[in-house]
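Read through the structures below before going on.
Two complexes come next, and they have one chain in common, chain A, joined by chain B in the first and chain C in the second.
Let's look at the complex of A and B:
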């Protein structure tokens, strides 16, 4: 009897997906006993609800059947790929941390039985219920890795041919176009994203375009899904506090799929600002911004050349942002930690800044300044700016600001945090007093 | 007679192989001294593939005897589907040669044309060949089959998506004795394939072509005209097959016993009328998802086809209790009836089924899921169906626990499928209940 119901529930689930392929969210409804003889699956406006009593039956049926097939316990178990897809879907929707089911799906993808896009969709659906499922993120990384590799092999193969260049652009264009204004160099950047790939393509020479269809398809998929992936991470982070899995995954996407393109880094910096403002006690978001900032630090020169943005300007802006948050939302430790990071970064860049030849600085500064105001008295400003960025001044200013916060704060915890910050400042940057 | 002949041939065969090794130790073992080779061979002929392979590892004599072709007349490699590769089939066909009569490679996806080409050449006496889901094979396989396998009677190439019309051309030139063919999901097949095949293989009695979008009325018409022996026809989900095809079938194939038209949405009452006039032997009719069918059609059908045993009327959304009344009064052999999603069915219809003179003996399966108008009162009408084994009541929202319990009390061996947790069986089978609960705990 139990068995029979599981089978039916599985059929019901498949029917629901057939009826509405756009299901984008699901959850378990707290109904522990069947009230009447009605299907426990509710489908309203692309949202699916499963009554709780049915979940166990469904899972047991799908899991046992899948595992029997996997173990070859009964030699007669023959399940065609389509049913395997459905079975693993049912299993994963209840327990997304089932490695075996994910692995079965990986094999199905490799065999060409399961379109990769479908799996991305399933992962997204599962994240709506289990936003912190590590296995789901791991599987998504596998999918993207596969996509990116297919794209790269296509661009390797086809650069040599006549219209190969266009394809190459197509394959890689997906990596830019994030929500910030595109500079004129955007295309140059996009093509420069994977210099090693281009080099390899040149070295390979005639690659032939025999299997161009598959890579083309995958590059289209990649283009469609990469930016969407950031939204998926957004949603996962929204629905579960301190969701480091989501943020780590996001960082991976930026690093691996976008190859840390400056454009994406800048866009992400802007995009996550509102999120962090809304989640002031959640360090995970700030940690992601720290990842973005430290990656931007590595490409300060290119940042300046291509986007006319100075790193110090970005770090300053971040510092202003975090100081503002510290003031507005007292007693949140996460904010203070982020402030520590930002200030540390400021000091680091200030040191390199002051050690650089002042002449080049002046030139760069002059150009920058000329963009903003063409007033001739910028010489004085320049000097003051240079001075204001010396480590000594910075430290003093930070010290004063924090001490002011400490004295003004009404909340005892905010005072403690400010005091700790001062202690940290003194410990980290003691030698600067002499300079 | 035949057997004798075979053995004689085998003895010679065995001798010629072991001639060079006269002084091997296999002669030492007692069992081989006592038991004549013919008997060992006879014993081996009852063993399955796995056991034969084990026996082949015992000693040289046994190896020769176990791997002798006569033991390998029927081979089913389905259990090893993933592991079977080309060389396995090649070696097998070399070993078995003319002995092999039946081979199933169901689900062996890596098998290629090359292996099957060698197979066709070696095993010319093959009669049954199952190649379901051998996704890599192409027309070349069918070419070699057509060239060598003249005795082929049953061929299943379902879910081999690379096969085209050319395949069936080869088959039709070579395999004139074909009786059973399954080309389901070979999506490239068209009417032309069916036509050429039916024109030269007149003995076809089973024709299965599920899910083929290029098959139309014309193809099925040709099949019906050329193969009057057709017993079983399955055109499930061939959406371009309609009334004309069914009319031709009922005109020419009077002996048809099984027909599946599920999801052929063009089918109307005309088809049912045609079947009523022509195919009186019909036993199985599946028309799930044919939503144009109405009570009138079923009236004509049931008045003439009294042999009907299995009917699948899932999602024939227009039918009402009237159909059930006709069915109950004319067809007394109904054993399985599916009425899922027939939303107009009420308790009255169930009463007809329950009151039918045959219901107590023959009816074993009744599927009523998603019939929203059926209530507990309807179940009361079924208490006389003593041979009923299974009843589906999923999503009949007016059915209550109490109603199911009452039915179970009258029919204790009935399996009731509903969303409710299974009802407790009556006390007479208390022992089994205990066991059942233990399983539950373990699970």
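Let's look at the complex of A and C:
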């Protein structure tokens, strides 16, 4: 009896997806008892509602049937791939952390029974209801990794030469907003240690040749979905505060699929500025900016060459940004933690500069002096900027500013946080007068 | 004005003493009273759930209330041909359920019921070139899986099966400027991940690689005015995070940096006087997961009615001693 109702509900769900393949959100409606003859599935403008009482029956039916098929100890039940796709969808819409159901779908994709793009859509749909489902994000990483690897394997097949990269660099693959180093740097990456990074570099950088071979489809899918994936992360971050899974996934996409391209790092820095301003309690959002800044620090020279941006300029801007937020939104621990990171970064680059200068000083004292003289003669402003960025000056200025906050803040917790910051400063950067 | 600290207030009528027997009764009865919907909804966590429940009972000194034979035969039936253990019969093998199965059988001194050789090679086969571990054959990498692999193999006395130095290097590459650790290099510090990374370094004898003061500082800042600990900045306090933070602090020798009395009061307030069991926060629904971490936390805080717990393995200390496992740095490694 129950089984028959479950089967019926399962058919209704499949029918809803046939009727509207663009369903983009769903939720369970708080209806605990069946209402006369009305269907428990409600479909309005691509939004699907399932009455709560029906969810149990649907899940029980789909789960038991799917797992009985999966259980290799039982006499084998034959279920055709299409039904497996539908059963696993029903299971995951109710319980997205049932990892075995995702694995069944991975196998269906590997066997060519399920288009990869369909699963990107299903995952996105499930995140609308379960924005912090770990297994859903894990599955998405697998999908993207597969796409990237397909692009890589095709380029291997076509025996692309090192020169080929440069020749074909600008061709075909439309990846607006992605800069991937071509030539020597791309080669270094492609021959490098991380297969994922190499794959991404090849897939994106050497588009012409990669696309000419077999998985045109993979390259197209990757191009279509990579930027969209950042939006998927945005939505998940909006729906659940400090969403660890959404933000670590986003960093993964930037790192493994975009290969930490400078343009993407800079674009993301700009894009998340407004978001973090509106979510001052969300430490995960701020940590993502720390991830972006840390990666930008590795490419100071290229940043200057290709984008005419200085690293210290970016870090200073971030310091201004966070100091403003700390003042405007008192008593937020997340903001003070971000300030710690930014200040730590400022000190790191200041120390690097001064220790490099000191080392050079010993070796070519005269030349350096001449250089300094020239700098002060030709560009007094620049020189005073260098001085104002000495670790000692930076630390003193930060200390004064925070002590002022500690004494003037009206909110007791803001005072506490400011005092803790002072303690941290004293402990982390104890005596800098000698440097 | 200003924003209030994200925290809770302990209700005046919240429990103030440990209701140990009620918790043992709650766990012992847990398997019987579930309806089939809840049972299948949580099946993907079955093996972990059994570890939580059985360890909680061990800490209460009442492991003999469970049917040992049945437990062993269940764990055995979940081992797959390749060696890995699944969360339940018919599911796929995973690192998380494999560690739980080894922990459960270690409680019973019965790991021989598993095919240890295939299990060890399955775990070792998941180590990647960079020293990290994936959770199963599909390739997801996470420092949690590094901990699972190392904890599992050390319980079996088979750490020789993997490249320990590389495993350590990968975990260290996940260390952040605040001294904490995330799931992958560059990921946000998170108490649960810190517990795993500190645990791995404790088992392998590399605790000295940690910046103890910096990490200890970040960890003790998880304590909120209610006494409870959260897992990350501006999150609510929670019994499970209280355990992960507390256990990490114990492992790095900084337990004295938190206010133990206040934490104890918070944990006690999370008990349900009627049903037994612990919830994440006072007044919420109890479950075996929070019940284990509540009991383990109180044990670490020195409650003598609970068996001493090992902070790294989250298992009774006497069992870890029986296996001669050390979770503090030895002189040879420093």
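Annotations for the structure displayed:
FYI, the second predicted complex is superposed on the first by the 344 of 435 C-alpha atoms of A that agree within 3 Å, B and C clash if a C-alpha of one lies under 4 Å from a C-alpha of the other, contacts with A are read in each partner's own complex, and residues count from 1 in each chain.
Note that in this section a contact is a pair of C-beta atoms (placed from the backbone, for glycine too) under 8 Å apart; a residue touches a chain by one contact, two chains touch by 3 or more.
Since the model is a prediction, treat every value here as computed from it, not as a measurement.
Of the two partner chains, chain B and chain C are each touched by A:60.
When the two complexes are overlaid on their common chain A, residue A:408 makes contact with neither chain B nor chain C.
Touch criterion met: A:39 reaches chain B, while chain C stays clear of it. With both structures placed on the common chain, the touch criterion links A:82 to neither chain B nor chain C.
Of the two partner chains placed by superposition, A:352 touches none, neither chain B nor chain C. Comparing chain C and chain B on the residues of chain A they touch gives the larger count to C. Contact with neither chain B nor chain C is seen for A:149 once the two complexes are overlaid on the shared chain. Legend: residue contacts after superposition of the two complexes on their common chain; A:8 is shown touching chain B, with no touch to chain C. Overlap of the chain B and chain C interfaces on chain A: residues 60.
Listing the residues of chain A that touch chain C in their complex gives 56, 59-60, 63-64, 67-68, 70-74, 94-95, 97-100, 103, 106, 138, 141-142, 145, 193-194, 242, 244, 247-248, 251-252, 255, 281-284, 287-288, 291, 294-295, 329-334, 337, 340-341, 344, 410-414, 420, 424, 427. Contact residues on chain A toward chain B in their complex (touch as defined above): 1-2, 4-5, 8, 33-34, 36-40, 54, 60, 75-76, 78, 80.
In the complex of the two chains, the chain B residues touching chain A come out as 78-79, 81, 106-107, 133, 159, 369, 393-400, 415, 417-422, 440, 443.
If you check the complex, the residues on chain C that touch chain A are 1-6, 36-37, 40-41, 43-44, 86-87, 89-92, 94, 129-130, 136, 138-140, 177-178, 182-184, 186-190, 213, 217, 221, 232-235.
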